[in-house]
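Can you keep this structure in mind? I'll have questions shortly.
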Amino acid sequence: MKLAVVGGGSTYTPELIDGFARLRDTLPITELVLVDPAAERLDLVGGLARRIFAKQDHDGKIVTTGDLDAGVEGADAVLLQLRVGGQAAREQDETWPLECGCIGQETTGAGGLAKALRTVPVVLDIAERVRRTNPDAWIIDFTNPVGIVTRALLRAGHKAVGLCNVAIGFQRKFAKLLDVAPSEVHLDHVGLNHLTWERAVRIGGPEGEDVLPRLLAEHGDAIAGDLRLPRPVLDRLGVVPSYYLRYFYAHDEVVRELGTKPSRAAEVAAMERELLEMYGDPALDEKPELLAKRGGAFYSEAAVDLAASLLGGGGSPYQVVNTYNNGTLPFLPDDAVIETQAAVGAHGATPLPVAPVDPLYAGLIANVTAYEDLALEAALHGGRDRVFKALLAHPLVGQYAYADGLTDRLIAHNREHLAWV
Amino acid sequence: MKLAVVGGGSTYTPELIDGFARLRDTLPITELVLVDPAAERLDLVGGLARRIFAKQDHDGKIVTTGDLDAGVEGADAVLLQLRVGGQAAREQDETWPLECGCIGQETTGAGGLAKALRTVPVVLDIAERVRRTNPDAWIIDFTNPVGIVTRALLRAGHKAVGLCNVAIGFQRKFAKLLDVAPSEVHLDHVGLNHLTWERAVRIGGPEGEDVLPRLLAEHGDAIAGDLRLPRPVLDRLGVVPSYYLRYFYAHDEVVRELGTKPSRAAEVAAMERELLEMYGDPALDEKPELLAKRGGAFYSEAAVDLAASLLGGGGSPYQVVNTYNNGTLPFLPDDAVIETQAAVGAHGATPLPVAPVDPLYAGLIANVTAYEDLALEAALHGGRDRVFKALLAHPLVGQYAYADGLTDRLIAHNREHLAWV
Amino acid sequence: MKLAVVGGGSTYTPELIDGFARLRDTLPITELVLVDPAAERLDLVGGLARRIFAKQDHDGKIVTTGDLDAGVEGADAVLLQLRVGGQAAREQDETWPLECGCIGQETTGAGGLAKALRTVPVVLDIAERVRRTNPDAWIIDFTNPVGIVTRALLRAGHKAVGLCNVAIGFQRKFAKLLDVAPSEVHLDHVGLNHLTWERAVRIGGPEGEDVLPRLLAEHGDAIAGDLRLPRPVLDRLGVVPSYYLRYFYAHDEVVRELGTKPSRAAEVAAMERELLEMYGDPALDEKPELLAKRGGAFYSEAAVDLAASLLGGGGSPYQVVNTYNNGTLPFLPDDAVIETQAAVGAHGATPLPVAPVDPLYAGLIANVTAYEDLALEAALHGGRDRVFKALLAHPLVGQYAYADGLTDRLIAHNREHLAWV
Amino acid sequence: MKLAVVGGGSTYTPELIDGFARLRDTLPITELVLVDPAAERLDLVGGLARRIFAKQDHDGKIVTTGDLDAGVEGADAVLLQLRVGGQAAREQDETWPLECGCIGQETTGAGGLAKALRTVPVVLDIAERVRRTNPDAWIIDFTNPVGIVTRALLRAGHKAVGLCNVAIGFQRKFAKLLDVAPSEVHLDHVGLNHLTWERAVRIGGPEGEDVLPRLLAEHGDAIAGDLRLPRPVLDRLGVVPSYYLRYFYAHDEVVRELGTKPSRAAEVAAMERELLEMYGDPALDEKPELLAKRGGAFYSEAAVDLAASLLGGGGSPYQVVNTYNNGTLPFLPDDAVIETQAAVGAHGATPLPVAPVDPLYAGLIANVTAYEDLALEAALHGGRDRVFKALLAHPLVGQYAYADGLTDRLIAHNREHLAWV
């Protein structure tokens, strides 16, 4: 079994490697190819990856290469985890929207649109090259914004599934609070990537008892604290929104916070410098502690689980993935991409039925889906007007003057990444 | 043919009377009952109404009464045009939301929710009394927020149609600009009450030529000026949004304007005092000029046209009304109330088919429909939490802290109108 | 020794009575007159006042009256503690400025100006009547905004001193933290009423050791917590701003908070209703616990101390009061009123010398002094333009559009209290 | 007579050269040295400068050099017109403050502080070198922020006068409106650089008739339009604020505008590219039309007039300059730098007496002077805390959270220009 990781030089990668080593029974990899154009970085990451495998007696082969076509040749699955423009572009995504009074964030709002515009053409090109060399390979997209990128991949006819670590993060956290095995916890997870709510937490499977009311009663403060929302908001909703909902429910508060401190990208960039220095230490043979602060917790578990199921192996039967709606949420188009519990196997991912969605959430889901549709149009076809329309449609923008100012800045700061400028 | 007007003591009424007189061939009224609990005001308005009929040789009888049951007895149609709490409540709707940085407006946003909460129970009670005395009578609702009120009426099983003057206003304005008869102008009017876009302006009927591009090219500045939106916004959208979309597309600009001048309600209240003084002049026998500034232009034409069709007479075959969606917009629930072109006759109103809606508009329509659903729940069942949820769902609020502050204020300022407080 | 308290029906009064009883050695009152036009309230407060004196074996006579001239006749000192328009006006002061995005507060910003406009003419009229009946009596003003009101009194030639409880509050708090007697703590308190900074905390007198650095090091978190400012702000400034500086240093944060919760006036009004009910209980013969939450802590100590010194008795030699600048702060006009340490005696209050003021504070002091000058002009002479100019000059307003919107609202909400409207 | 222009490679320079040529009778230059480290740019500008002199038969010699010491050697006066960090730094000054909701402008607010921090050390170094080679030379500072830079120069004991074109701009505009010679118009110009008001417009000299009321009555709309302030604001003030007051009087409006369009720096940078291309054309021998849009109108007239007077020649007897206050405005420290009418001659500049200043202006002047004091401290001694204090003191910032966020950004974006970082 051969896997390729595009963007394999990411500082995230040791997390993934560690997961591949620990979970070798679920996903018995024989060859792992890390593909990345950044040779120096790839060397550092690749070296540590081999030492981690060695220490854990994993006899899989680890190859590093800058050549995409060579790297994906013969791969059964290809993971996409790239960041077009790197942390520098992210830093931009997080700052210029603030100039217009809008949140700066790399997956939501104007910053997320910028990332989508930079990323979609690159990912489609990679996917096309995968398909040429390897038409049966599964593409697992972890590249943000996962919803829009997956929609682009599916619409172009690729064998793709989108993956995010938000749901698995909740599953693990709730399992710990409930003192049960994570696999026992089944979430009623509804919405779009980075716009989801956990409506029920069932024990034992899709039909198990819902313990969410108990969880909120006993651990509401801790859960609210992690989300940085006031406890009464959780109690009133009765569901657990993802961390990204804070950008909606507390938009102006977040803008104010962001405007009064340095950017997250600057923090991550400093952390990455530190991590890369650590990776270069030939004595290091495990993922360092610091990596936990980098974000992306449980990403490796999620990726292993998904790849194992798609490749016909022993992954969990139900997993939260990003795939076509196909009538699951009746108020969305069939070709919208939703994030939902799905039966996952060699056939791909088939959404499980979803109970009716409260208008409080359905209205926002529909609105953001419409934005994603326009965002994909802008990413595929370019043009100032398409960018403007996507921004005007976004519920966190919605006003023409901001949409105008953001459009100018998005283009000015991403000039080198946008073919149509 | 007998008509009853509930809220007949409104200063609007002379506009309506003037229409009934001018359009007597379309709608041959024999008896008109003005129902209003405000006796003094009703006297003034009723006196002028009789003088207008007399001057125009209309031999219909005009009755004024404070007794609702007596007034609607035997009526073929009942027009609802009331304002629970009067201009004083409107003044409140327009000011306290500003304290939370949100627009203060009596049909949209938090002010619109307040009005819905005050109004729905009163209208349902009136409708119930109409049904008891007069099960076949049509109820025509002109009372705002028309979308939510009409949804409440239809859900309770009433024979009701919702009416607004926005569409007829555009029809008349475009007809003038195009120099054709208004009846020649057919609008592709899509959305919800006070959340609509004119996507095409057809000459001659639903299949006529679309002259909107020409209209925008030749009269774009005038149209944009009326809407107080910049011309380039119109050009980029290529459609004409209703005036109320400015509360969305330029929300913060409007908030700033509202915070730096006296309220519209204060202006209208002053105007009403002046109008009532005029109405008391026994020499006045026509609607005064000043009434045009009061708003509601062409309301009488729209009302006559709708009543005539519903009562089996000679109204226009297609009219823009508020009625059940029933699949017309496939992304909305069937029982959502939309504002749309409909075939109108004695059977009621049946929406014409609507071409697919651009996500730029569909997303917002879906979001506001979800709000209206929650607003109706709050109006019917009360409770702080339902108010909070409706506000959180509204795209012009959307943030928990504002929803909280607005909920407190909505309740504090409407205590006497809310049975559940 | 006879004292009169104008506004004696205030729910504050039992605090004052309790102080008069406890501190009878410092200020041996033989007759205390509570003057208030609100007869019912005055009865309740007067009854409790007498029971407090009785319980503590104070044989001073307590008289209640609605007749100002009779009440102040023969008084050695007259305390002013009134609130023109009551809590209802305060509720207004706290809400309408929010509509313009400005803080709503009854002593600062637009709300404070409204209070000044309502209050200055009333206070000047009272003072004039005191002077007519009793030219030698001292007037102690505790009525807000104390700076502007005292300036009005002094400019009209009255024997007046302004009093606030901010400084004594800090003195007592610091004494507790330092575990010394309050009289040992001498503050380097600089600025204007409600715009002050404690620059040094000296033990033993104006020349004592400054222990502020130690206080901040050991109790910085508690002090910052009380002020609701972040600890690093205190550390960076190295001085302790008064609580009212939060309206400046965190203006937008406070506006947002105010817009997302009910008003302070509503809280106080509820508390007052509760207090008055308690006062009516003939068994109650001490100030109730709840009164502590009402604000105004240590007001009675401060008032006793000041009255004692002014009447030639045993008050503290140095007290923080509001009086003419007279060159104390060289960058302010002589006739500005500052809040400062002063030598207080039968001659009145003479400011102690003040060390040079850091531009960080001097700039703001100068700016607010200019506002107070214009505010007093507006209070004395009225007119929309004077109100506009005072608001434009206020550093918390400063922008013409807000000054305009606030001017309209100030006038609309205070119409009945402004003779010139 | 020899003049040196430091920053002579500026695209402004041809404006200056054109003035030197036209006004050779007032200021008979024999040698003009353009000093600039940017050799390529200096070549282009120097070439055009020589062609302008040649075309107008001016026989003065024009020298270009990158060597400061050589350039200022023997000069009678040295003009400073430099921009540390160039348009790129200006672009920064105009954008990152917006992230915190504050105006981005290169002379006022946080952007102006950044410029001061970059500029003061460079200017002091240049001045020191001028003094060493040429102790009698006058330094004329046109480098912004002129107030702070001039204060730095004077405090270091230099023979310096600060110059700005705002006053001469008003003088010329009013002269044109009044149809009189500019030299006939004497302004009562009061305040600080970029914080001034024209309180009177006198014809014939400091004692002439004040025609400002007439000017406002007849040309108020045009004047208000130029300033982008509403006409009623002018009427209410009765004085004419400088354009820069809009950043104060309409701060939030400007922030919103800036956030919804590209930066002024980007416009100027594009214009500069175009200008430099023109300058390279050997056929061009006059200043191009486009230069007028670059800003700085009448700068050459002002510079010639000032240099002529300082060098003992035929300049105007009274000129508006930036110099020490020395008691002119009694509410400011003597060593504050004010912008004021002064008697100018070989002795330097001596302020004329100034009538008392309305508190509406005095308060703001005092506040900004305090900021300038702290800004100079930060520029001279560096350190995060000094930057924070200056920002907290600025009336356009004033809040700790913004001061904090701005401090971080100011340092991050100016790292290479700040020796202490």
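Order of writing sets the chain letters: A, B, C and D. Residues in each chain are counted from 1.
As a convention for this text, a residue touches a chain if its C-beta (ideal position, glycine included) is under 8 Å from a C-beta of that chain, and two chains touch if they have at least 3 such contacts.
Remember, it's a predicted structure, so these values are computed and weren't measured experimentally.
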Angle (degrees, nearest 5) of the CA superposition of subunit B onto subunit D: 180
Most distant chain from subunit A, judged by the mean position of its C-alpha atoms: C
Gap in Å, rounded to a whole number, between the CA centres of subunit C and subunit A: 57
Centroid spacing, where centroids are CA-atom means, of subunit B and subunit C in whole angstrom: 51
Shared-contact residues (touching 2 or more other chains) in subunit C: 101, 252-253, 256, 401
Subunit B to subunit C touching residues, read off their complex: 95-96, 98-101, 104, 256, 258-262, 266, 401-402, 404-405, 408-409, 412
Touch list for subunit D against partner subunit C, complex: 101, 229-230, 233, 236, 248-253, 331-333, 359-360, 362-364, 366-371, 373-374, 385, 388-389, 392-393, 395, 398-401
